[in-house]
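Written out below as structure tokens is the structure these notes cover.
Naming follows writing order (A, B, C and D), and every chain is counted from residue 1.
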Amino acid sequence: MLDTIIAGLKLKNPLILASGILDEVGSTMSEIAVQAGALVTKSVGKEAREGYGNPAVVPLEHGILNAVGLANPGIENYAEEIKEAKKGGAPVIGSVFSSDFEGFGYLAGKMEEYGADAVELNLSCPHVKGYGMEMGSRPEDVKRSVESAVSSVKIPVFAKFTPNTHNISSLAMAAYESNASGVVAINTLKGMAINADAGMPVLANKVGGYSGPAIKPIGLRLVYEIATMFKIEKVKIPIIGVGGITTGTDAIEYMMAGASAVQVGSAFYYRGKDTMELIAGEIENFLKESGYSSVREVIGVALS
Amino acid sequence: MRSPEPFRTVKITQVVEENSLVKTIRFQDDVDVEPGQFYMVWVPGVDEMPMSASYIGKEKGITVHRIGEGTEALHNMKVGDIIGIRGPYGRPYSLEGKKVLMVAGGTAVASLAPLAEKAVDKGMDVVFALGARDRGKLVFQKRLENTVELHIATDDGSEGYHGFVTELSREFMKKGNFDMIYACGPEIMLYNFFKTTQEMGVRVQFSLERYMKCGIGLCGSCAIGPYLVCRDGPVFTEKEIEKMPEFGRYMRDAAGRKTGLK
Amino acid sequence: MLDTIIAGLKLKNPLILASGILDEVGSTMSEIAVQAGALVTKSVGKEAREGYGNPAVVPLEHGILNAVGLANPGIENYAEEIKEAKKGGAPVIGSVFSSDFEGFGYLAGKMEEYGADAVELNLSCPHVKGYGMEMGSRPEDVKRSVESAVSSVKIPVFAKFTPNTHNISSLAMAAYESNASGVVAINTLKGMAINADAGMPVLANKVGGYSGPAIKPIGLRLVYEIATMFKIEKVKIPIIGVGGITTGTDAIEYMMAGASAVQVGSAFYYRGKDTMELIAGEIENFLKESGYSSVREVIGVALS
Amino acid sequence: MRSPEPFRTVKITQVVEENSLVKTIRFQDDVDVEPGQFYMVWVPGVDEMPMSASYIGKEKGITVHRIGEGTEALHNMKVGDIIGIRGPYGRPYSLEGKKVLMVAGGTAVASLAPLAEKAVDKGMDVVFALGARDRGKLVFQKRLENTVELHIATDDGSEGYHGFVTELSREFMKKGNFDMIYACGPEIMLYNFFKTTQEMGVRVQFSLERYMKCGIGLCGSCAIGPYLVCRDGPVFTEKEIEKMPEFGRYMRDAAGRKTGLK
């Protein structure tokens, strides 16, 4: 009832662990893999990065703020984590980021070599200067990044977008035209927290990325916008929805907006260890109560 | 669903110098905290760090060992200054049985002192082994003296038993039967002590440390074996510790690379 | 302690009623004027608009979604509301929107004629096609809109921006260079709600604008970004912060991020009739407890 | 601070045809509702409208007069269909005194029927004047007959008093002293009745209607005098009604322009 296929990857349910969440270490990921349809690794770059100092993650009243700063051990040190992560049995999608277009090809190649089942290009990390944001907000850049990766690997390539843009449809079109196997929306929104008593920003990096329940209406809208455009243009690649999904209903809403699968991140703060299992159970209940026989039936039903 | 526990600021109400390297900082925070749980403590503009709650009444406390920039900044704070806190986070110690042994190495007594008090309140029989490098480094000696059966060990013999607190504890364990051993201290100490407790087949609850960024089970930086120290720990049982290949071997730094233990 | 001056307007406190909130009718506004530093009218255009059908406003878990669709009685019918609104004693800022640049000049002129103390250009309404979004997301357009208004009136002109952009700093710079007297950030974020049981979007217009507590971190960041840029470029015009301000602390945070005054909108849902008075009281308490002697002292303290 | 009351969907459990123009729709909604409060009711894909709660027990109800597209869509709904609701919103009637008069014109009885039941439960003396154009348009006659002292008025005299329900009410008011008059109906009726109640110097609570978009005190479209019908009403006292220059004169349409009363 929950199983589905995304760009050839077989998922036992449509729930994918979002990049940057509990994926520092392969062993943690393989634990989650038991409950999830697939896993995305943290975004890995050419060199190791310590990222920003603490506070790097702060829970706010309605969401989570983070400026982890693409902390990662560097692609050369990542083979083992992929191997470990795969032990859980779910497909592993290697996320990569780069400050130059060719970097995406190189990093994607490495991920394939390590055994990743697909690659996700993080075109959108908002809080590292020169990377992310600037890179991913112009269709030309999306095109060159995706082309670099697609020409380097045989496994599917997904492009993940920033929501800090006014033209997500053109980004999605650019990814499609460059032969991406799917698109992922959304990454975090640029945000910040200021503490009035201390009179200063809370995050060490001052500005960070905003995720969690608060951003769901924004992610839903962006997925809906891409899906509407794909429908009109008869584009058939899948959309993976992400942003604030905390319950089974949230996941269903994203799928009704046009997502073929969803990613879950900040929800692990609100619902703990068994987040994936809880959400999967809720999806199943919803489907049964509403008379659907497969989760695939809900995809795009809210599109006009 | 877990309710959000947002970031809050508190005013420091008291600063107590425990010794040349350790200070206790007190503040009002009207939430329930269990022994073994920790706060994420923000020094505005400097750092945010995990710190065990060393006092869990209305006036909470943390007991800080000065080791780097963040803890140094905490040591420089005065009564009336502001710190940010979030939490308490983590799974606390669970009190089980009638007769228990508590083993603390250095400032790690921070999390065990409120546990000892709680155990005594519950009418349990507590033997407490408190160790430090030398007598000047002992923390909470007075606080514990009046509460539990306290035994001191110093590496240099300047007070109490001359040697490691874990050796002293081994002696007690040979003599008496303990329902549970609670321990906290440097990982090397815990690693060696774990061999002892496993050989003797006793149940344990050890409090562990890993590098923490979020404290709330999101970032994965505190992973150890299949667990997260911030969410599944910091207190772990022997069954859990057995599943941690890296226990006593390595930690990870802020980039996620493996590094040695401190 | 709370009084301040923005572009020559004397405010008894830094709290301004946001556009589109409780400003359908002058009499409602004059009630609020008693508690507020100033009022902004709803955005008025050349012709009357019925806006979108119901549901037009939906409270969500973490914020408010609206697609009122710039419903307004048309500028010709608005003289009386301004007159009525002014009875409350606070300065009244007339908000206008237009689909062509010259329209801003015409509408601003009308507002001045009706007795408005300043004009706010709504360059950012996200949910009316051809208006708002497209108009306000390019610096050139901001420039032409502001120039049109500034050349038509003597009263101060404020430019209000969309957050659905990746270049708010360039928009703010364009407004400054065109002699705007101040900038206002932010309008609502594009968002949507889907109801899973019904399998369709909730808003009649499907997509709407997202406001309220959930968006505070996003608004704070954009104000902080503009303020940082203004500081570097030595630009002295005021920033008016808006987005999710519900408590006195929220208002203080915005001011610490660089706002000289703030607007309050969705908070009226959470706190009711006396929202302005409650927030003003909380600001005063904060100032006293923290040893500030005027609210003006907190402006920009969180800037580095 | 008010807690968020998000949008929710409910399944229709019962549909009762009250007459050719009016249906009652029942559904489970586990919240407390007071007489006079209203829901915003969403017919998916069609419209959202304010509707008074006509039943306030566990199985709530709304009683819908078919007048346009939205109410027509509600009339077409079947048991098992889904509607969206939010609320209850607004300030309810407040029961005061011992002997009260309730005056309902047409479907407006929706909000007064649960009030009458509540008043009787509280041991109050309720005289209820129920009016309609003709006997076929009377709503809740049976429901009220067994609860209160019910008097009927029809414009055509097909049942009960021949004439307006407000005229009938005036007769009662001449005879007896009422502590409070509760009324709901078309605004023209209320406007004329208000002259009577003011002349006689009695206290009143009238439920008013204005065009609503948000229902939650944000958009201002339901403004009347210095008040918002959704937040400060829909029930208003004579002191408040006196401050409404537009009462009985005009409403505003969706664009905010003045229009005549319906």
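Side notes on the structure shown:
Keep this in mind: a contact is a pair of C-beta atoms (placed from the backbone, for glycine too) under 8 Å apart; a residue touches a chain by one contact, two chains touch by 3 or more.
Keep in mind that this is a model prediction, so the values were computed, not measured.
As a whole-number value, the distance joining the C-alpha centres of chain B and chain D reads 63 Å.
Taking each chain's centre as the mean of its C-alpha atoms, chain A lies 36 Å from chain B.
Rounded to whole angstrom units, the spacing between the C-alpha centres of chain B and chain C is 50. Counting partner chains per residue, chain C shows two or more touched chains at residues 60-62, 193, 195, 197, 200. Within chain D, not a single residue touches two or more of the remaining chains. Arrangement of the chains shown, judged by which pairs touch: a linear chain-to-chain path with two open ends. Applying the touch definition to all chain combinations yields A-B, A-C, C-D. Chain C makes touch with chain D in their complex at residues 20-25, 27-28, 30-31, 42, 48-51, 53-62, 64, 66, 68, 71-74, 77, 193, 195, 197-198, 200, 202, 204, 246, 265-266, 268-273. On the chain B side of its complex with chain A, the touching residues are 1-2, 4-7, 9, 40, 42, 44-45, 47-49, 70, 82, 84, 86, 213-221, 223, 225-226, 228, 231-232, 252-257. Touching chain A in their complex are the following residues of chain C: 60-63, 65, 133, 137, 162, 164-166, 189-197, 199-201, 206-207, 210, 213-215, 217-218, 220-222, 224-225, 249, 252-253, 256-257, 286, 290, 298, 301-302, 304.
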